[in-house]
Amino acid sequence: MTARFHSALLLEVIDLLGTFVFAVEGAMAAAQNGLDLLGLMVLAFATALGGGILRDLLIGSVPPNSIRDWRYPATAFAGAALVFFETGLVTHFPSSLLLTLDAAGLSLFAAAGAAKALDFNIHPFLAVLMGGLTGVGGGTIRDMLLAHIPNVLRSDVYAAAALAGAAVMVLALELKARPALATPLGIAACFLLRMVAVWRHWNLPRVAVH
Amino acid sequence: MTARFHSALLLEVIDLLGTFVFAVEGAMAAAQNGLDLLGLMVLAFATALGGGILRDLLIGSVPPNSIRDWRYPATAFAGAALVFFETGLVTHFPSSLLLTLDAAGLSLFAAAGAAKALDFNIHPFLAVLMGGLTGVGGGTIRDMLLAHIPNVLRSDVYAAAALAGAAVMVLALELKARPALATPLGIAACFLLRMVAVWRHWNLPRVAVH
Amino acid sequence: MTARFHSALLLEVIDLLGTFVFAVEGAMAAAQNGLDLLGLMVLAFATALGGGILRDLLIGSVPPNSIRDWRYPATAFAGAALVFFETGLVTHFPSSLLLTLDAAGLSLFAAAGAAKALDFNIHPFLAVLMGGLTGVGGGTIRDMLLAHIPNVLRSDVYAAAALAGAAVMVLALELKARPALATPLGIAACFLLRMVAVWRHWNLPRVAVH
């Protein structure tokens, strides 16, 4: 069953690209907070792979994929190396490109995370949560390591987009859509919601308590 | 063996009630820290279910119960929804009622956590620690997500009450008491110690280091 | 296979000594941050055993060794007790002695962690990372509980020494050296690098980003 999501070379390449983008973002956050080279490597690793590792531990896929397959940590460290050796280049990336790449990574991680949870016989409702965790778990660990309240809990439509994309995919699968249809549908839903949210400056509602 | 703690409908209802109370407290903390709706849901989930999830990962019960049984996250999100839609109602709960409900949840979590660890053949000494972790692990994760030093490490007799209750239950079982006696004994010990500690403003000792 | 690293009584004694040293350091950090007795116990436990527990969860050795073998938590709590009851004694330890003992603990943890990962058929590259995690994971959790950015990410040659020691050992094993040679070689490499780095005030490079 897992084969249907991982056998295709294309999906694997996209997965590694998402890992690279998240790793660059993690290493940039490390550099902005004055961490050293080791800190860059750790934050690249945690941001890119932390969400998937948490998901794998929770659904019982042990050792997690990123601990079994050396290409994932190697890709994360390549992202850290880019930030370390080409800092100027990275800081001059247009932010709209970074936002788009990040949204693409988020969408893929959310869909792939929910799909893997279903493969491990996790209930559809929890598979959606596992999709969201895969998408935002790494950034949450990064912010905890930086002793910040995770951004994802405070503002923006980010985790909500990951959950929505995972929900669309899981719902489509429950309605007997083929994976080859349901997966791109979920990825597109997350990506579109995220891009529109950035463009329109959407935020989730909050309540005031004193 | 596990059956003896989970078969009874009553225990399950109490367990879900404890989950609900802890979730409301987590969502309140999220609202007080300015988090959005997603933050409320995450903190409700983490506070209510984080301790049990950590325990399950450590004793080898994978996937953890809260990832296998959708009713637990659903109950946690119901707690978050109550805080979100009825904030005024929740903030006007009498604090003595909240403290009592919290102490009841703590007592039940500590006893159930230690019992589950014993069922998984964990050494009695470590089963007591697993009981304490089940009781306070969720609140610790909540405080870490809020970038605070966890309250439980600083003041109050809270984790100590959970450990004491778990110890009483494990000791009674080691002395061949029936579970139907040992479990309520442990729950009562934790609850009483916690309530007296609140009433008398007890704190654990500390040492001064400069 | 695991037998070759754990059967020897001497290695077990050294492992428990390393646990004790790390526990004392964790409890000292707790006391310096105003935590109570429970906080001392938790930070001693997390600092001494957290790295090994994370490694065991990731490589699939569940329950982790420190949850199966009561002597490890008992040793950690003994370290907390020493700080609690003999605070004056501990604060007057010569810092050079503490640094040396800490470097010895780090070296042993890094080598033992990488060796255990290899025993669980983890890829050599990831086994090196698991060695580093075993050495510095506990201190990282301690700093997260104290709501600090982990020191290990910011300055000093500490995690890098652990990674170097693990790499030397794994490389030697890949080159068909006997474990009885490769293990002491890795321990010595980490210890020497750490001690020289302390003596020469070495730091890892960092990049400036604004």
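Letters are used for the chains, namely A, B and C, taken in the order the chains are written, and counting of residues starts over at 1 for each.
Note that in this section contacts are C-beta pairs under 8 Å (C-beta built on N, C-alpha and C of every residue); 3 or more make two chains touch, one makes a residue touch a chain.
Source: prediction; values computed, not measured.
S.K.: Shared numbers divided by all numbers used: is that above or below half for chain A and chain C, i.e. same or different?
M.R.: Under half of the interface numbering overlaps between copies: different.
S.K.: Could you report, rounded to a multiple of 5°, the rotation needed to superpose chain B's C-alpha atoms on chain C?
M.R.: C-alpha superposition angle, chain B on chain C: 120 degrees.
S.K.: Roughly how many whole angstrom separate the Cα centroids of chain A and chain C?
M.R.: 30
S.K.: Would you give the residues of chain A that are in contact with at least 2 other chains, written as numbers and ranges?
M.R.: 57, 62, 144, 147, in rising order.
S.K.: Touching residues of chain A toward chain B in the complex: what are they?
M.R.: 57-60, 62, 120, 122-123, 125-126, 129-130, 140, 144, 147-150, 152-155, 159-160, 203-210
S.K.: Note which residues of chain B are touching chain A in the complex, please.
M.R.: Spelled out, the residues of chain B in touch with chain A are 28, 30-40, 42-43, 53, 57, 62-64, 67-70, 73-74, 83-84, 87, 91, 144-147.
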